[in-house]
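Residue numbering begins at 1 within each chain, and the chains themselves are lettered A, B, C and D in the order written.
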Amino acid sequence: MYQQQKRATPFGVLRYGLVLVVLLWTTFPIAWMIITSFKPADDVMRMPPVFVFKPTFDNYVYAIEKANFALFIRNTVFVAVASTVLVIALGTLAAYSFARYNTGEGHILFFILTTKMFPAIAVVLPYFIIFREIGKTSVGQALAVGLDRPGALIISYTMFNLPFAIWLLVSFFQDISRELEDSARLDGYSRLQVLAKVVFPLATPGIAVTAVFCLIFSWNEFLFAYILTRDAARTITVGVESFFTLRGILWGPVAAAATISVLPMIIFVLLLQRYMVRGLTFGAVRG
Amino acid sequence: MSTISAETNPVSTGSERRRRGRSISDTWFSVLLITPAAIIILFFALVPLGYALNVSFRQADLTRGGIQGFVGLDNYRTVLADDYFWQSVRTTLVFTFFAVGIEMVLGIAIAFLINSVTVGKTLVRSLLILPLATAPAVTGLFWRYLYDTQFGLYNYFLGLAGLPQPNWLGDIKIALWALIVFDVWLWMPFVALIVLAGLQSLPKEPFEAAELDGASTYRILRTLTFPMLMPVLFLVAILRTIDALRLYDAVAVLTRGGPGTITETMTFYLWRTGLQFFRMDQASAMALLFLYGVIVGSLFALRPLLNRFAARAGER
Amino acid sequence: MIELRNVTKRFGLTTLAVRNLSLEIRDQELLVIYGPAGAGKTTTLRLIAGVTKPTTGDILQDDESIVDVAPENRNMAMAFENYALYSHIRVYDNLAFPLRARGLSKQEIDQQVHRIAHMLQIDELLDRRPGFLSGGQRQRVALGRAIIRPASIYLLDEPIGHLDAKLRNRMRGELKAMADEQHSTMALVTTSSREALALGDRIVILRSGVIEQIGTPEEVYRQPQNAFVAAFVGEPPMSFLDTEPIQEEGHLYLRPQGTVLQLPVSPQLAQSLDGDTTRYRLGVRASEITVSSQQDEEHQTPGEVYVVEHLGYCNVVSVKVGDGLLRALVGSNVRPSPKENVWLSLDCDHVHLFHNGKAVFHPSRLRNG
Amino acid sequence: MASITLENLVKHYGAVEAVRGISFQVEDGEFLAILGPSGCGKSSTMRMIAGLEETSDGGIYYDDKLVNAVRARDRNVAMAFETYALYPTLTVYENIAFPLRSAKWKSERVDEKVREISHTMELTDLLDRMPGELSGGQAQRIGLARALVREPAVFLLDEPISHLDTRQRHRMRQFIRHLHLELQYTMIYVTHDQEEAMAMADRIVVMHEGLIRQIGTPDEVFNDPADDFVAGFVGEPPINFLEGSLVQSNGTLSLRFRGHLIPLPESLQSRGDSLPSEIKMGIRPFYVNLRLDPDEPYDLAGEVFVVETLQDFCIVSIDVDDERLQVVAPLSARVQRRERVHLKLDPEFMRFFDLQTGKAVGLG
C-alpha cells in the first residue's frame, strides 16, 4: 500500500557474490584436504584431479596402523589437556589478582605479556639443553620431564600459554562488576568464599573459553614438539611429517592425518566463534 | 498492606558486635594469588634467557665439546658480519611487509563487506574462522600438495584459466610469494574478524546523526568510521607484525628455507644455526638480538594501545 | 553512630573523590547524601561500608576505628546503584544470599525471602534469573537483598532512582515508614531533591567531594548556606537575579542588573549588606513570589513572560526581569502568554540574598506559608 | 517547516509489535510531545518519522508528501539524541559545523553560523574541546546546537534532557520551550517524564503498548484523562484509584468503596443508567482533604501510613482498609503515623472510569 524504502539490488547481489568468493578461498584448502583424505591412493595423484571417487578409509587405516598415529594422538591429547589444566589453575588466581587488586599497577601484567611476545625460537634452544640435562636426573625421569618425554612439552606449553591465559582472564574478570564482590563481603562472606561463591561461578564461561583457547594452541603447536620430542612423545602436528618417505610424500595419509589433527579444533573454534576475536587479541577487543 | 519490617536492630554494643577476625591484608592476598603463576613464568622465561645470555658470550659449538670459555662479544660480531644472517633479516622484513600489508588491506575490505551483509552473518563468520583453527604446520604441509607442479590444484586451476603455471615452491622469484599467499590465507580472516568486531562495536548514534545531517558515505568513512576504528586497526597491525616477524612453522613445512636460502627467515636461520650446525653460541646471540628487536619495537607500540583498551574496559 | 573524620579518598594521582570529609551518622537517623553527579556520594557510602579504603582520615563506629575491619565483619548492609545482582542464581537465591552467610535455617530463610518479596511486590519473580528482569524489578531485588537482614546501618545508593514514577512514589513511602518504624540507621544517596527532602532526617549536600551543608530538610531548604545549596535543593530550582546596591536620597535600594528598578531595602536587610557595594544575588523560590497582570501595591516589579510551564495543578511562569529570569508558581488557571507584561511581588525582605556565593540573608518566614 | 502526518503507522520487530497502527498530525510550528513508559513505542515512532527505521505499514507525510521511500538524509530532519550522539572524533566546533559542511556551505559562512549559535547557547568556550572532555550537560547543549544550526523541516528531540540534574533540566526546559516560541519550528519531543511533557508541549500524545491512549493539550490530559492509564501516568504524586460498584441509596447515586459510600457529583446523578455498574474512581492527591475534626462530614476513614514532608506541602499516605491513598496536605497539618484520619473528596475533581475497559465514563 505504502511504498517502502528499497535498497539498491545490483549492489546487494554483487556483495553476496564477493562474500561467496571469500568463503571459497578460505574454506577450499581445508575442504580439499578432507576430500583427499578419503581418496583411494590412485586418485590422490591423478591429474587432472578427480572430484568424484569412491570414498575409502584406507588412508586413515594406514595412518593409524602403520605410522603409529594412535600414539601421536594420545600424546597430543595428554599434553594439551594437562597443560591446559595447569594453565587454568595458575592463571585464574593470578588473573583475578590483577583484575581486582590491580597488583603491580599493570607493570607486572605487562611484563607477563612481554614473555608471550618472545619468539619461541629464541627460547627453544635453552629449553632443549635444559630438558636434556633434567632428563638425565632421577627427578626428571620420575616426572617424565626430559627430551622426548611429555613432561617437557607440558611445561613448555604451560609457560607459553600462561601469559596469554592471564591476559584473557583478566579481561573476563574485569567484566564482573566489582560491586558483586563488595556486596557479598558486606553480606558476611570472606574473600575466599567470595571467590568460590561469586567470582568463579560468574567467570565460568570466560574460564571455559580461555581453557579451549589454551587447548587449541597446545594442540596446534609445532616448534617445541618438533625440537623437544623424537618418537615416544611426538604429537600429531609433527607426526604428519612421518609420511615423507624415501619413496616420496604419501599425500593420502598426510591428508588423513592432517584431518585428524584439524577437525577437533575446527569444532572447538566453531563453538567458540563469538569469543574468537577476544581471545586472539588478548581480550583487548570484545567480539 | 505490608510494611518493610526488618527485625529490629540489636542496638550496637561496642566491639563484641563485630567479629574482629583480622585477616591478611588485601595486598598480601593479591600477592599470594599471583605467586604460583609468577614463579612458573619467571623461572621458565628468565632462566632460558639467562642461559642464552650466558651462552652467547661463550664458545659453544656442540659438535666440538659443548659449552666452553668466555669469548666476550665475538659471537655478536660474527653474527652481525654474517651475510646469511642479514639475508634472513631482509627476507623476514620483506615477508612481513607484504604479508601484513595484504592481510590488512584485504581484511579491512572483507570486514566492511561482511558488515554490510544482512543475512547469514553468523554462518559467514563461522566459515571465515576455519583457517584460524588449524595448525599452520599441518595445513602448511598440505599446501605443498596444493602448490605441487604436477598434481597441485592451484596450477590446475591456473591452467584451466589459461594462466601461467609457476613452480610455486621451486622458483626463487616466487617461493617467498608462495609463503605470503599461504600466510594471507591463514591470517587474513583474523584481521577481518577483528575489524568486523571493531565495526560492530562502534556506537550507532553518531552514524544516525550523520545520516540525518546529510553526510555523504565517503565523508562518514573519513571523519567517523576510520578515525573511530583506528585503535583496533593499530592493534591488529601490531599483533600481526609481531607474529609475522616470528614466522617459523610455515617455512619449516612449506619451503624449508628453499630454494637455496631464499625463503630463510630469521627464525629459520636461527634454528639451522643452533640445531643443524650446532653453533649454540651464535644462535643464542642471534636469539637475543632478535628478542631485543621484536620486544622493544613491538611493545612500545603495544603498551599504550593495550592500556587504552584496558582503561576502556575499566569504564564499563 | 558512624563518624567520618577528615576522610580523603584519592583515585589515581589526580582524582579526589572526597576531600577532608567529616561527618557523623547518628543512631536511628536517616541521613540523605545529596549532590550532583561526581560529588563523591557513592564513594562516601563505600568508605563507610569498608569496600573502599580511605587514603587518609579515620572512620569510627561507636568511637572505635573500623578502618581496618573487613567489610564482612562490619555488620552493615548496602544496596548498590547498579544493583549488583548475581546473574547466575535466581532472585530467590539472591535474596537469600546474605541470610545463608549467617547460617539461618532453610525455613527461616524461606520465610524472610517471602516476606521481603511480598513487601517489594516481587513475589512472582522469585524463580527468575536477574537477567530476565526489568531495571525497576532489579532495583527492588537489590533493595530487598539489603534490607532483608538486621544491620547496624543500611547504606542505600539511589535505591529507588530507576523505578517508574508511580512505584518510586510508593517505595519512597515504604522506606520512610521502615526508617520510622524500625528506628534503623540509614544513609541514602539520591540525586532527587524531592526524595532528599521527603526522606531525610538530615541531609548532607556534597559537591566535588566537599560538604556544602548539613542540616534538616527544613534548614537546607529555608536557610541554604550558599547559592549552590539554594539552587540545588528544591524543585523548581531557585532563580537568581544579579543586583547591585544603590544609595539614593539616603535610602538603600537593590537594582537588578539590566533594569532601572529600585527595590527598597529594609533596615534589617541593610545590616546584612554591610556597606559592601559590589554585586549581590537575589535568590527567589518559585513559591516565594506571586504574579499579577496588573500593577498593584504588592506587585511592583515589571517583567516580561518568558515561558509558561503547565504542571497540571499549578503553572510555573518564568519572567524576564532585566538580564535575569525568575520562576514563579501560579495557580493552574493563571496562564499569561509569552511576551506579556506582568508584575511580580519581588520584595527584598522575602527573598534570599547571596554575596560571593555565600548566603547573607534569608526571609524570616514564609510569605505564602 | 512542515506539518507531519502519521497514518496507521505500524512497526514490528520480528514477532514483536512495537507500534500498532497509530495516526496523528503535527501542525506546522507545533510542539508535540510523545509521552509514555519505556517500551511503549514512542522511540520507534520518532525513528520512523526521522527515517532511521523503516515502517512496517502505514504512511508518513511531510506536508502532503508521502516520505516512506525518502531516505533519512533527504528528509531534512534535525534530531537531538538521548545519548547526545556527538561525533567523538571531531571537535565541538566541527560537530556543530557538520550538518553545514554536509550541505556544502562555504567555510566563512559555516564559521559565521557556528559562532552565532555557540554564542546563543553559551558554548563559545567549548569549541576547541573534544566530546570526551565534556560534562553531560555540555554534551547535551552541543547536541542541541548541532541540531539547531540548520533549518530543518522538523525538529526531533529524543529524551534530550533525561540525563541532566534537576537544575540543568529546568534550565533546558525553559530554553527549549523558549526556542520553540522564538523559532516556531515543528517539534516532536519524546519523553517518559510526564512533567517534561506537561511543561513544554502544546499537545501531548500519550502512548502505551504501541497504541495511542490520548491526544490532547496538557490540561486535557491532566484534567480529563481518556482512560485510567493516562490518569495514572500523568501527575505527581500519582492519582488515587478507588474501585467499587455504583449503588442507589436514599435517592443518591454513590460509589461503594469497601465499607464507604461516596456520593457521585451532581452532574452524574441523573446519568445513572448510562454508567457501568463496576466503576473506578480517580482523584488526585491535591483534591483529597484531611479532616481532623471528627464531627465534620467525611467520605473515607483510614490510618496514616507515612507522612512525607516536601518543600511546600506534605504527602500523607493513608491506608483505607487495604488500599493506600495519598493526600496532599499543607505543612501545617500535623498528623502522625498510625493516626486515624477522615478524608473528604472534592466532587469537582472526581474522574470515573469503566472498571472493565478503563475508559473514562464521565466528568465530575
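Keep in mind that, in the parts below, a contact is a pair of C-beta atoms (placed from the backbone, for glycine too) under 8 Å apart; a residue touches a chain by one contact, two chains touch by 3 or more.
None of these values were measured; they are calculated from a predicted model.
Novice: On the document's contact criterion, could you list the chains that touch chain A and likewise touch chain D?
Specialist: Intersection of chain A and chain D contact lists gives B, C.
Novice: Which chain pair has the highest count of C-beta pairs that touch?
Specialist: A-B
Novice: Approximately how many whole Å separate the CA-defined centres of chain B and chain D?
Specialist: 54
Novice: Approximately how many whole Å separate the CA-defined centres of chain B and chain C?
Specialist: From the centre of chain B to the centre of chain C is 53 Å.
Novice: Chain A to chain B: how many Å between their CA centres?
Specialist: Here the centre of chain B sits 14 Å away from the centre of chain A.
Novice: Between chain C and chain D, what distance separates the C-alpha centroids? Give it in angstrom.
Specialist: 24
Novice: Provide the list of chain A residues touching at least two other chains, using ranges where the numbers run on.
Specialist: Within chain A, residues 190 contact more than one other chain.
Novice: I need the residues of chain D touching at least two other chains; which ones are they?
Specialist: In chain D, residues 51, 71, 305, 324 touch at least two other chains, as defined above.
Novice: If I count partner chains per residue in chain C, which residues reach a count of at least 2?
Specialist: Only 70, 74, 174, 177, 181 qualify.
Novice: Give the list of chain A residues in touch with chain C in this complex.
Specialist: The contact residues of chain A facing chain C are 177, 179-180, 182-190, 198, 201-202, 204.
Novice: In the complex formed with chain C, which residues of chain D make contact?
Specialist: For chain D paired with chain C, touching residues are 37, 136, 165-167, 170, 173-174, 177-178, 181, 192-195, 198-200, 218-219, 222-223, 232-238, 284, 286, 305-306, 308-312, 315, 317, 324, 326, 331, 337.
Novice: Please output the residues of chain B touching chain A within their complex, sorted ascending.
Specialist: Within the complex, chain B touches chain A at residues 23, 26-27, 29-31, 33-34, 36-38, 40-41, 44-45, 47-49, 51-52, 55, 110, 113-114, 116-117, 122, 124-139, 141-146, 150-151, 153, 156, 185, 188-190, 193-194, 196-198, 201, 232, 235-236, 239, 242, 245-246, 248-249, 252-253, 267, 270-271, 274-275, 280, 283-284, 287-288, 290-291, 294-295, 298-299, 302-303, 305-307, 309-310, 313-314, 316.
Novice: Would you pull the chain C residues touching chain D in the complex into a rising list?
Specialist: Residues in contact with chain D: 36-37, 164-166, 169-170, 172-174, 176-177, 180-181, 191-194, 197-199, 217, 221, 231-232, 234-237, 287, 306-307, 309-313, 316, 318, 325, 327, 332, 338, 369.
Novice: Give every residue of chain C touching chain A within the complex, in rising order.
Specialist: Per the touch definition, chain C meets chain A at residues 46, 49-51, 70-72, 74, 76-78, 80, 82, 84-88, 97-98, 101-102, 145.
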